[in-house]
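By letter and in written order, the chains are A, B, C and D; residue numbering begins at 1 in each of them.
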Amino acid sequence: MSVAAAAPVQEAGETLLNVENVSLSFGGVRAIRDVSFEIRRGEIRAIIGPNGAGKTSMLNVINGFYHPQQGRITYKGATRRRMRPHQAAAQGIARTFQNVALFKGMTTLDNILTGRTLRMHKSFFWQLWRYGPALTEEIEHRKYCEEIIDFLEIERIRREPVGRLPYGLQKRVELGRALAMQPDLLLLDEPMAGMNLEEKEDMSRFILDVNAEFGTTIALIEHDIGVVMDLSDRIVVLDYGNKIADGKPEEVRSDRKVIDAYLGVVH
Amino acid sequence: MKLKTTLLALAAATALTALAVPAAQAEDSVFVPLFTYRTGPFAGSGIFIADGMHDYLTMLNERDGGIGGVKIAVEECETGYDTKKGLECYEAVKPKNPVMVNPWSTGITLPLIPRAAVDKIPILSMAYGLSASAQGDTFPWIFNPPDTYWDGFSQIIKFIAAQEGGLDKLKGKKIGYIYLDAGYGREPLPFLDQLSKELGFEAKLYPVPAAEMQNQSAQWLNVRRDRPNYMIMYGWGAMQPTAIKEAVKTNYPMDKFISIWWPSEDDARGAGDGAKGFKMLNWHGSTPDFPVIKDIQKYVVDAGKSQSSKEKIGTTLYNRGVYNSMLIAEAIRTAQQVTGKKVVTGEDVRRGLEDLNIDAARLKALGMEGFTGPIKLSCSDHNGHHPTFVQQWDGTKYVKVSDWIEPLSDKVQPLLQADAKAYAEKNAPWPARTEACDARS
Amino acid sequence: MFYREAGQYKTTYQADMSIFPILQDRIGLALIMVAALVLPLFAGEFMIASVMVPFLILALASIGLNILTGYTGLVSLGTGAFMGVGAYACYKLSTTFPAINILVWIVVSGFVSCAVGVLFGLPSLRIKGFYLAVATLAAQFFLQWCFVRLPWLYNYNPSGAIEVPSRTLFGIHVTGASATPTTRYYIALAIVIAVTWIVSNLVHGRVGRSFMAVRDMDIAAQLIGIRLLRTKLLAFAVSSFITGVAGAMMVFLWLGAAEADAFNINQSFVILFMVIIGGLGSLIGSFLGAALIYIMPIIVRAAPESFGLTIGAATVEHLTYLITGALIIFFLIVEPLGLARLWQIGKQKLRVWPFPY
Amino acid sequence: MSFLYSIFVDPFVQMIGAPDLLVQTLWEGLVGGVLYALIALGFVLIFKASGVFNFAQGIMMVFAALTLVGLHEKGVPAFLALALTILVMGALAFAVERVILRPLVNQPDIILFMATFGLTYVLIGLGELVFGGNPKNMITSELLLPSGSLDFNILGGLVSLQKIDIAAAIIASLMVAVLAVFFQRTRIGRALRAVADDHQAALSVGISLDQIWVIVWFTAGLVALATGIMWGARSNVSFALEIIALKALPVLILGGLTSVPGAIVGGLIIGIGEKLGEFYWGPLVGGGIESWLAYFIALAVLLFRPQGLFGEKIIERI
């Protein structure tokens, strides 16, 4: 079957990632059941659904942390059954986590610099001397990281060990680390969970800017339907591992199944 | 605050360690450091030895006012049988001009062997250390009387042969060797190999890893399987009581179980009545009934100057310490005679050791008649390869059950020479002996 | 007041990324260096031979373990054995090719222990935490067994020990009995400074960051493209290289001869103490830890004598154990992050002195 | 070829050839294993309840035995000494909770692990300071423990079981049984399991952690005492036993850090495994492989089950 058939709505921009009939289960529990959707270059794609709907599992499948039992995933035209996380990273898939997964012992700057690891090529033996090529490389990447730091307005905490930062800022640093990878596809797992309104607004702005300025394709999971509706171009709705809706925000909002699924679900 | 604590600690560290080296001893005494190990896994042997050594020297100070009118400055340094701490002790005592060092650990002796010549401090490693250091021409500063481990091994073999009625009768016999799997226990292996070929007996090896000293059931199951006619043990510390216990468990005939000279009474006692008949080599009395021990009791123990518990005085390892101190004292005394000086130095005592000649008369004078045999060293022979005897555990004490047994010198000597040569080559450039040899010896 | 970075503006990233960005730190470092250089002029032989040389060597070993445990978060109880590998390798090499200078061999022996380290590091991908710690005990006991059981390793010496032959550098004895403590001290100092410098380069760069990333959150590390196994093995390699060199130095510059027992499990534990008391993931911590754990017992032993007290040698030893243990607990309670953290706090206090904050 | 034969065939031929020796070997392994299991049991109890990897468990064993024998040496009657020793272990548990656990609560595991290293040193120092460093003989007969052996002339040979070893096996099984009941039936036991499952939850339902910890460490102390007596009887009581106690570590990870049955099964596997290995395969490499065999057995198992045989499966979530 064709990609077009899989997607209810037609949009400009070629398909960046295509998920076809993916099923995933742990032991007996089926986290994802025969889900298909696609993500197109340059769009902001939201995955929503009540708790336990399999959203995070879906992200894990996309960046190769879990391997689906059935189905195939086509990324940048290449189809693969299994992919190891670091390969996903190498192909430009970056990711933030539901509960922040920063390197707690390191400073903000180091966390973001670590995001550049894949783009640093000076060998171990240059690293031993530091001065010379290795340092030149460090410096040019430092420049890039400083741009991200400015962009996310976290100059003050540049040298803070992230472990000591408030939650909101940690989320921001984590976004910075993901951006440092200059990803083609950015997966955001509840980027605004546990944030107050102001922080949410900042974060939304950052996400939109990232999408606009860097042209990064973004797939995000978010509970705050309001935010999702404003941010995203298209939305996939999961419920108990099944895809129950897929389309533009207004379509999804008016979808009967979605409303049922969300009844009584706290946001 | 926290920081201050730390900094203070570190500052104190440097300051105190500098302090830790007091000035050299006063002129009217000779400084004899005693390396002891009253702690650690081998304390079981170390404590008695340390007490024996300490008490004899104290006794000399108390009774005779020292040696030749010179007080002996005795100082213990605890090594815990650990090489690193031992070397620390060595560095700590070196500035005080010790006349001799008794490392009391093969591990500590080995690094000291090359240093002795440089620091001009003779090393007395009594029946332990590097066997080859018996060769005075190669190792002028090292002394390991009265026997090397190879001598001891040959003596055990001779004893076994005597039981069987001659060395030739060993043909076809099975002799098991259970040993601490370390340098010390492995040293006799080539010799054992050679003997088994020459005498035609079958050698069975039962190594006990240092970490498994107290867990030997597997080794003794092997003994049960192989059923050797005799068992020889080169054990140490906690390995010995465990071995004896296991031997009893496996119903091994104890009177065919013969150890080198390190077990103590406690090692055998722990195994209960089953241990009766257990045998070991020795070269000195293991009872308190000798004048010298009586004097120690009178001048030291009763005066409350001894750390030893009463009932341990006169036991095998305590007396081993006494014997060792006797050698120290006699060496100093001889040095005084040779040099005519009262306060002797390391160089003098080295000569004193080479000129050491303790005959029956002297033993009597020392109150050691029947305690041990005469001993004589020379420039070329720093060991003496003296006879030893076998003593047997009767359930309460060790009893001498054999005559004095000479080692198989004709077999041991070549090994020693070869090894001394090898050592000098491996450690090339090894300094050739420059020390002159006194006419006396 | 005297320790202020105020007014020290960084105009280039290079300046900002230098390892000691603050002027006072650089001055302090320089002072320490000078002190280390002139120490032998004032200190007694005991101080040099039995305090400083061992301290330097143990500090180096703890730096080695710190790479593994502190930076990469892999606890190892096999340090002693890896030091042993270095020592035995160095002995074999220097006795087989006496012509080549001993210092070369000391460094080369590091590579041997590096290889062995990587081998025993392989399980670390699957096995984590305490499980891995115990798994490293396999290395500890197996290697120690080899040191005893392969006479080839100690050239079939009947003593079963490796004895350091005397070797020279520019006609000066650097190993063996005729090498003065001062010479050995300077050699050790040189090696330690060099290695420390290289390691600090390493940990401040990409490699160091990926080590720490694996330590702090290995999953996230994977998802930003860090290869777990590769990084962990690299950590094992660097770590056991350094411990190997330290082991070779221990025998050749400090002990002078060693039996297999010199590399026993307690050695591993002691180094681990130093790393953790000093501070995980801190180079300066490794030095502080080594100083505390190694030098403190010496003081405890020396103290009674210097204060004219007479306590039985054994009692002193027992007290040493007691006090060492108590201090370990004490320091953990005072500052679980180790002496290095205290150091930081101290610097912070200095920075704002004379004001409380 | 003959090499392969000596590895894969010969040992089994021997086993069949001399069944009595095989039985004897298994028995020795069993007894050794039981003692390992007891030490490991102490580890597990503490690890479950307080998440502390108690390195000092081995030393607690020696310390307990040393106290017992030391007191007796100082003229205290055997059973009074036993009672006193139990008190001492209680005091120790209390002190540990006050001095170490409470100040260090919620610190990373590695820190608590280190603290128990400190405890190890303290106990060694203290024990030797009070009772002297010289090895002591266990007062087996005074404690009315049997000595001598039961010999069976079966299987065309002799199988000899030491009465003390039989006693060890029985006492060990009794302790395990008692502990099991204690955990299943009593209120404290249930509290313990609650704590093991989730500290916060336990706190919220009003269980006092301090109290629990004291109890657990005390229990571990008792286990240590029993082990100390048994092993002391096998060789003698000295801190050299500490090395043996390390063998509990492979047992522990083999069984899984948190599983009591794991500790026991692990103990038996290691005990029997290393004895068989040493006895039948050791000679091929000149013997003495017992010092590392246990760790390799454990390592091999871990490669297939990283959480040990009975440990909870580690599921990586993000």
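Basically, a contact is a pair of C-beta atoms (placed from the backbone, for glycine too) under 8 Å apart; a residue touches a chain by one contact, two chains touch by 3 or more.
Note that this is a predicted model, so its numbers are computed, not measured.
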item: Partner chains that chain B and chain C have in common; value: D
item: Remotest chain, chain A as reference, centres from CA atoms; value: B
item: Cα-centroid distance, chain A relative to chain D, in whole angstrom; value: 49
item: Centroid distance [mean C-alpha coordinates] between chain D and chain B, Å; value: 36
item: Cα-centroid distance, chain A relative to chain B, in whole angstrom; value: 73
item: Between chain C and chain D, centroid-to-centroid distance (C-alpha), Å; value: 32
item: Junction residues of chain A, two or more chains touched; value: 65, 97, 101
item: For chain D, residues that touch 2 or more chains besides their own; value: 128, 133, 243, 246, 286, 288, 291, 318
item: Multi-chain contact residues (two or more partners), chain B; value: 38-39, 47, 181, 209-211
item: Chain C contact footprint on chain D (complex, rising order); value: 53, 99-100, 103-104, 107-111, 113-115, 117-126, 128-129, 133, 243, 246, 249-250, 252-253, 257, 285-286, 288-289, 291-292, 295-296, 298-299, 302-303, 306-308, 314, 316, 318
item: Of chain C, residues touching chain D in the complex; value: 75, 123, 126-131, 134-135, 137-138, 141-142, 144-145, 149, 219-220, 265, 269, 272-273, 276-277, 280, 314-315, 317-329, 332-333, 336
item: List of chain D residues in touch with chain B within their complex; value: 18, 21, 24-25, 28, 32, 128, 132-135, 137, 147, 149, 158, 160, 162, 231, 234-236, 238-241, 243-244, 246, 274-275, 278-279, 282-283, 286-288, 290-291
item: Complex interface listing, chain C residues touching chain B; value: 43-47, 49-51, 54, 95, 98, 141, 144-145, 148-149, 155, 157-161, 163-166, 176-178, 254-262, 264-265, 288, 291-292, 295-296, 298-299, 301-303, 305-306, 312-314, 316-318, 334-335, 339, 342-343, 345-346, 349
item: Of chain C, residues touching chain A in the complex; value: 13-14, 17, 198, 201-202, 204-207, 209-210, 212-213, 215-217, 219-227, 234, 281
